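Next up: the structures, one after another.
Both complexes below contain subunit A, partnered by subunit B and then by subunit C.
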Partner chain A sequence: MSIIGTSVQRKEARNKVSGRARYTNDLTIPGTWHAVVVPARQAHAHILSIDTEKAKQIAGVKAVITGDDVSVLTGDVIEDRPPLAKDKVRYWGEPIALIVARDEATAQRAAGMITVRYRPLPVINSIGDGIADNAALVHEKNGGYKVATPPAYPKKQTNIADEANVEKGDVERAWPGSDITVDIHVSLPQIDHAAMEPRVAKAEILPDGRVLIHCSSQAPFEVRKLIAKYFKLNPGQVVVEVPLVGGAFGGKSSVQLEVLAYIASKAVGGRVVKIVNTRETDMASCPGGMGLEADISLAARQDGHLLAAKMRFYMDIGAYTDSAPRVARAIAAQCTGPYHIANLHTDVFCVYTNHTYTTALRGFGHMPMTFAVERAMDELAQKLNMDPLRLREINALKPGQLTPTKARLTESNLGHLPLTIYKMRELIGWKQGKVERVGEHRVRVQGVAAFWKTSSSPPNAISGAIITMNSDGSVNLSIGAVEFGPATKTTAAQILAAQLRIPLDKVFVHEDVNTHVDPEHWKTVASMSTYMVGRAVIDAANDIINQLKSLGAAVLRCSPDDLDFGDEKVYVRDDPSIALKFSQLALGYKYKEGDSIGGQLIGRGRFMIRHLNLLDQQTGKGRPGPAWTVGVQAVEVEYDQNTHQYRILKAASVVDAGRVINPAAARGQLMGGMNMGLGVASREGIHYGHDGQFLNNQFRSYRVMRVGEQADEYLIDFVETPQIDAPFGARPLGEHGILAIGAALANALSRAAGVPLNTLPITPEAIWRARRHQS
Partner chain B sequence: MKTLTRPEQVTLTINGEGRDVVIYPGETLLYTLRGDALGLTGAKPGCENGDCGACTVLIDNIPTKSCMVLTAEVENRHVTTVEGLEDAPIQHAFVDNSAFQCGYCTSGFIMVGHALSQHADAPDDSRVVEWLRSNICRCTGYQEIYDAVRSVCQDSTAP
Partner chain C sequence: MIPLSLRYYRADSVDEALELFHKISHEHGKPIFYGGGTEILTRARVQDIDVDAVIDLKGIPALKIHQDKGGRLEFGAALHLTDVAEKNLWPLLTATADRVADHTSRGQITLGGNLLSILPYREAILPFLISDSATARVAGPNGVRTRPFSELFDETLRLSPGEFLISAGVDQDEALGPRFKSRKMTRIDWIDYPLVTVVVTRNPRGAIRAAFSGWTTYPFSSPRIDRALSDGKRSPEERAKEALHHMPAPAVSDIHGSREYREFVTEYTLAGMLRELEDTP
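Right, the complex of A and B next:
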């Protein structure tokens, strides 16, 4: 049986159930000092003074660092963020000082001794505040910062950090020709990634000039690149090591704590310094996920065909841009959802606020965007009195059509949404969205929503793989992708085992990532590891196969073309009894007489993304990713019309996965994604006080799903339309469980409660409010 | 319970073995376990205020959040960490049910599940849910964890 399509055990499984799997904070180098972040306790204020004297006097305190000691500005796209607040603070929780001490308790004590005098400024506490006329400016210098990774188009003297636009067809001409229109406004709060492992970073600067960083990052190569850039080091000098990561969800793709750890180490002569976030710091001081306000207008014919759309998305990006301009472009490029809309005008704005800044969060903007579009689609279906799945089916994008940014779609790069819809009907027992009465004041109803997503990766994203062969013919695999849960390393091992036709237990994957020895991999994000790493692994496997054949041919006195391989041997195609074991060739071949040829077999492989481009400023024209993953999700809820409480009976996903490489891992990803998406939709959200204070930076107040609150039943099915350029046809699959499930829940509950629910989270109280507001 | 005003040596029973460690007053069990002397890093800090359960260990066979216990309190009591499990059925059940992804919450959930499976009276479904609600997993859909724990507990409702 092929290893591809088999639910293999993840490589590190036994370690994880024995408490022996190691994460960044599980290894401590003796002599490590601790740094703690002193967070701002104002959301928007001038810093008049920071008194560090008392803190410095505490025995064991080694250094106290403030913004005045650091001159760099950081940022993935726009360099607008000082690592430590300088002159003013822009969010509650912003790092304002850093204390380095012999131990954590001392550092914490010293942190309490820092006194800051502020002059408060008006707080931009919402998107509305940010775009109001004469709004206070979060960044007086907006538009004057360096754009490190174009494009980004900040608007001077405003709180608009960037704007992305898409223009297709002619909306104004098409609009009057429609039979029916819907307009909705959605509002989603900022949320937190809430990975169970709080972020950790350690830094050490060696006398020879090398900088060693250990961190819980999804993007070790990005850490290396940025630290080298900010502090004018040679990239080779900076060595970044990442062991297993305890959940990431995009939150660990941004580079922040690593920079602080470097600054801390630098301040104490290069000693090892470690920063371990508390949960409170992890939530309030480190980037979360964006909030969104959006206006969606759809125009359609009576038969349900979409004609035109106008959309405005305002992202609450918080106080600094980080990856927001990229997210804005991802939203713009996929703004229609997986539907064909010939006439389209979309504007996406990144709005600075005095909230915690934000970064990628599982789905890279596609989850909030999908919520907006899918709520509008469901309202349209209700207005048309049409089966909501049917509405989605007839508007589904097809091969040959163009995306909003006019990228051409093929069966290979798009997959098959109608087939996923077809399967969903069966899977959930589709009842066309009808409300069923099951008790005196209890009803049951189903809701659906569809999604699509592509990578929105930079057009020069790369990956690599190195294989070395051991004396017994087994292989070691080195890749630059981090393992934070989705079985990335195991999938790479499966691909290698399949390609070399060897058993999976003969493949050993380097579990950690070390930028010094592993080949560069862009970032472990966007569900792209199987595709990018997989392609590099196949390339490396082919390289080693060629070496096996050419060395084998020399020994067997034939042409490499005469050779085939399998069963850990190379053999003569027409007489397999003439064969050499991989083990005989792995470290060079030794003749009977003792003389030898060859040397260790080392395969190298690489991959670079192709045919992508940056989106045009006016029209958005461009190709944002190599392929899309499409799917449909549904929920069935039971809702109590008196108390507005509800229970999620079923949560279902049908995804066109291209080819499922590890079914157990794929199902796990989808279930976990659905659970997180349902948590986001039903209970999560950051609360800011009237003064911008982050009010719920603990799990007792920032509520995530717990056992017993998840759907009673998860239903999962796949369609497999191969993506031809992907390893074994496998499409990206990782984030996708989260994308449309929240919209499906809102669609179901809107029907059940008889009122549009366009604001998250949908708590019973929120439903009660919406109903009261309507009547 | 002992009163500590400065660092002092205490003897703890951890995974069946007596261990002498020097602790500070106010030191939590989680901190002591993970420290250099013991190096038992299976218990994880996730919140350090009792909300997440990633730090769960057993104290006299009762699952306890080690971030909420002072080390000084556990002298003369039996502490079991995930490292002290020897091929327990719950560990296999977690592997068989794919009950983890990143693995950071796993030690904590395993200790809760193990204690429950050792509990004299067989738990019904709602008891299983109640016990597992003390912990948080951000990666899985929870069904996998529930199934793993259910599979090692006797079912009171089973015939």
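Right, the complex of A and C next:
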């Protein structure tokens, strides 16, 4: 039986459950000093002075660094963020000083001694504040910063950091021809990634000039690139090591703490300095997930066919851009959801606010975007009195049609949404969205929503794999993708085992990533590791197979073409009894007489994304990713009409996975994604006070779903329409469980409560408020 | 990680604890009595507490008393909330104490710590607030005294600096006589701070008593509310609505819920509890 399609335990599972797995903060080099971030306690204010004297006098304090000591500006796309606030602070929690001390307690004590004098400025505390006429500017220099990674189109003298547009067909001409229209406004708060392991970074600068960084990151190669760039170092000088990561969800794709650790180390002569976030700092000072407001208008025929759509998305990106322009383009490119809409006009705006800045969060903007579109779709279904799954089915994109950015769709790059809908009917026991009475005040109802997503990766994203063979014919695999939970390394090992036709336990994967020895991988994001790493692994496996055959051919005195392989041997195709074990070739072949040929077998493989391009700024035309993953999700709730309390009975997903490589891992990813999405939709959200203070930067007040509060049942099924250019046809599915499940919950509860629920999170109070507002 | 320098003392007797407090204060230290430590820990790590010495009371036998003796139920201040729930001498106290925080935390939090918490909730106090026989044994510089709860309680248990709670007690008859209901209503989660926690008792003569936590910055009960709720001629819904007019303070608005929503939740919760208490024989 092939290892592909077989549930296997992840390679590091036993270490993790026994507490022996090692994370960044688990190893401390003796002599390590600690740095602590001093956070701003104003959301928008001029810094008049920072008094560091008292802190410096504390015994054990080695350095106190402020924005005046650092001249670089950082940012993935737009370089708008000083590592330490300079002249003004733009969010509550922004790092304004860094204390380096002999131990953490001393640094924390000293941090409490820093006094800052501020002159408060008007706080941009919402998207509405940000886009109001004559709004205070979060960045006076907006439009003047360097755009490090185009495209980005900041608007001078505004709080618009960037805008992306998509134009298709002719909306104005199509609109009057419709029978029915819906308009909705949705509003979603900023949220936190809530990874179990808070961010941590260590830096040291060696006398030979090398910079060693250890960090909990999804992007070790990005850390290397940016540290080298900001501090004018040779990239080879910077060595970044990332062990296992304790959850990431996009929050560790951004480079922040690593820069602070470098600055701290530099200030103390290059000694090892460690920064370990507290939960409070991790939430308020480091980037979270964006908030969103959107206006969606759909026009359709009486039979449910969509004719046109107008959409405006406003992202609450917080005080700095980070990856927001990329997210904006991802939203623009997929704004219709997996539906064919011939006439479309969409604008996406990145709005600066005095909130904590934001970065990628599981789904890269697709979760909030999908919420907006799928709420509109459900309102349309209700207006049409139509089965909501049927409405989605008849509008599903098909091969041959064009995406919003006019990328051409094929069966391979799109998959099969109607088939997932077909399977969902059975999986959840579909009742057409009808409200079913189960008690005096209690009803049960199902809600659905569909999604699609592609990678929105840069057109030059790369990956690599290196295989070395051991004396027994087993192999070591080195890749540049980090392991933060989804069994990335195990999947890569499965692909290699399948390709070399060897048992999985003969594949050893390098668990850590070290930029000095592992081949470069763009970033471990966008659910792209199976695709990109997998392709590189296949390439490397083929390389090693060629080497096995070519050395085998020399020994067996035949052509490499005469040889096939399997069962850890190369053998003559027409007479398998003439064979050599991999172990006889792994470190070179030794003849009876003792003389030898070959050497260690080392396979190398690489992969580069092809045929992608950046979106045209006027029309949005472009190809945002190699392929899409489509799927449909559903929720069944029981709702009390008197108290507005509800319980999630079932949460279900059917995803076109292309090919499921590790069923247990795939189900785990989807289940986790659904649970996270339901948590976001039902209870999560950052609260900012009237002055912009981050009010809930602890888990006692920032509520995530806890054990016992989850849905009663999680149901998962797959459709397998192969993506031809992907390893074994497998499509990405790491993020996807989160994408539409929140919309499905909102759709179910909107039906149950008889009122549109377009604001997250949907707490019983939110339902109560919406119903009161309606009556 | 606690960035403060702390000295740790463990007292073996009430007198030793009092002496330690006196001595440290006299030497210009800033001592605090220490039970479960959850609040000291969580506040210290964010530098929200100014202390330099903790006096651990958990080793004092009198604070571990947990008995049903001579018609009195006695609960030592150093009992963990899980101890109280497991022994279950007073089911109403169990009902409130066992809904504080989560099980792991309740294994750490002490009864005294909850009764004297700086947080507004202090749910374990609710049963005592509606028991006339409730008393508190308090140790202080002037010795050990037993005082009625009603005398000590004014929004919180009013202990002076240097005083600590030894135990709380209640008459068995009063504690176990009435039927009761206890409900903790939260924003959405099972484990969270309460929007409101409501405790209601009904004695065999039909008299209702109620106590509330989460509604405002302190837990409370009120004879006026009890009278409104005891008016058997009116429906539970009418009485619940009426009770809301007699609250001692307006409901708070915070990140857990707005004032109006707290009113809504309290009203339907109270009505439902009255109905349940009165419907079943």
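Keep this in mind: the second predicted complex is superposed on the first by the 775 of 775 C-alpha atoms of A that agree within 3 Å, B and C clash if a C-alpha of one lies under 4 Å from a C-alpha of the other, contacts with A are read in each partner's own complex, and residues count from 1 in each chain.
The working rule: contacts are C-beta pairs under 8 Å (C-beta built on N, C-alpha and C of every residue); 3 or more make two chains touch, one makes a residue touch a chain.
Bear in mind the structure is a predicted one, so any value in this text is a computation, not a measurement.
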{"item": "First (subunit B), second (subunit C), both or neither touched by A:R109", "value": "second"}
{"item": "Touched partner set for A:R706, first subunit B, second subunit C, both or neither", "value": "both"}
{"item": "Partner chain in contact with A:K581 - subunit B first, subunit C second, else both or neither", "value": "neither"}
{"item": "Partner chain(s) touched by A:A665 [first = subunit B, second = subunit C, both, neither]", "value": "first"}
{"item": "First, second, both or neither for A:F484, with subunit B first and subunit C second", "value": "first"}
{"item": "Subunit A residues touched by each partner, larger count belonging to subunit B or subunit C", "value": "B"}
{"item": "Which superposed partner A:T278 touches (first subunit B, second subunit C, both, neither)", "value": "both"}
{"item": "Residues of subunit A that lie at the interface with subunit B and also at the interface with subunit C", "value": "105, 278, 700, 706, 708-709"}
{"item": "Subunit A to subunit C touching residues, read off their complex", "value": "104-106, 108-109, 112, 278, 280, 642-643, 682-683, 687, 695-696, 700-701, 703, 706, 708-709, 763-765, 768-769"}
{"item": "Footprint of subunit A on subunit C - complex, ascending", "value": "1-4, 45-47, 187-193, 255, 257-258, 261, 264-265, 268"}
{"item": "Residues on subunit B engaged by subunit A in the complex (per definition of touch)", "value": "24, 34, 36, 40-49, 51-52, 54, 81-83, 85, 91-92, 94-95, 98, 100-107, 110, 129-130, 132-133, 135-146"}
{"item": "Contacting residues of subunit A [partner subunit B, same complex]", "value": "9, 12-23, 25-26, 28, 30, 105, 193-198, 244-249, 276, 278-279, 484-487, 664-665, 667-669, 671-672, 674-676, 698-700, 704-711, 714"}
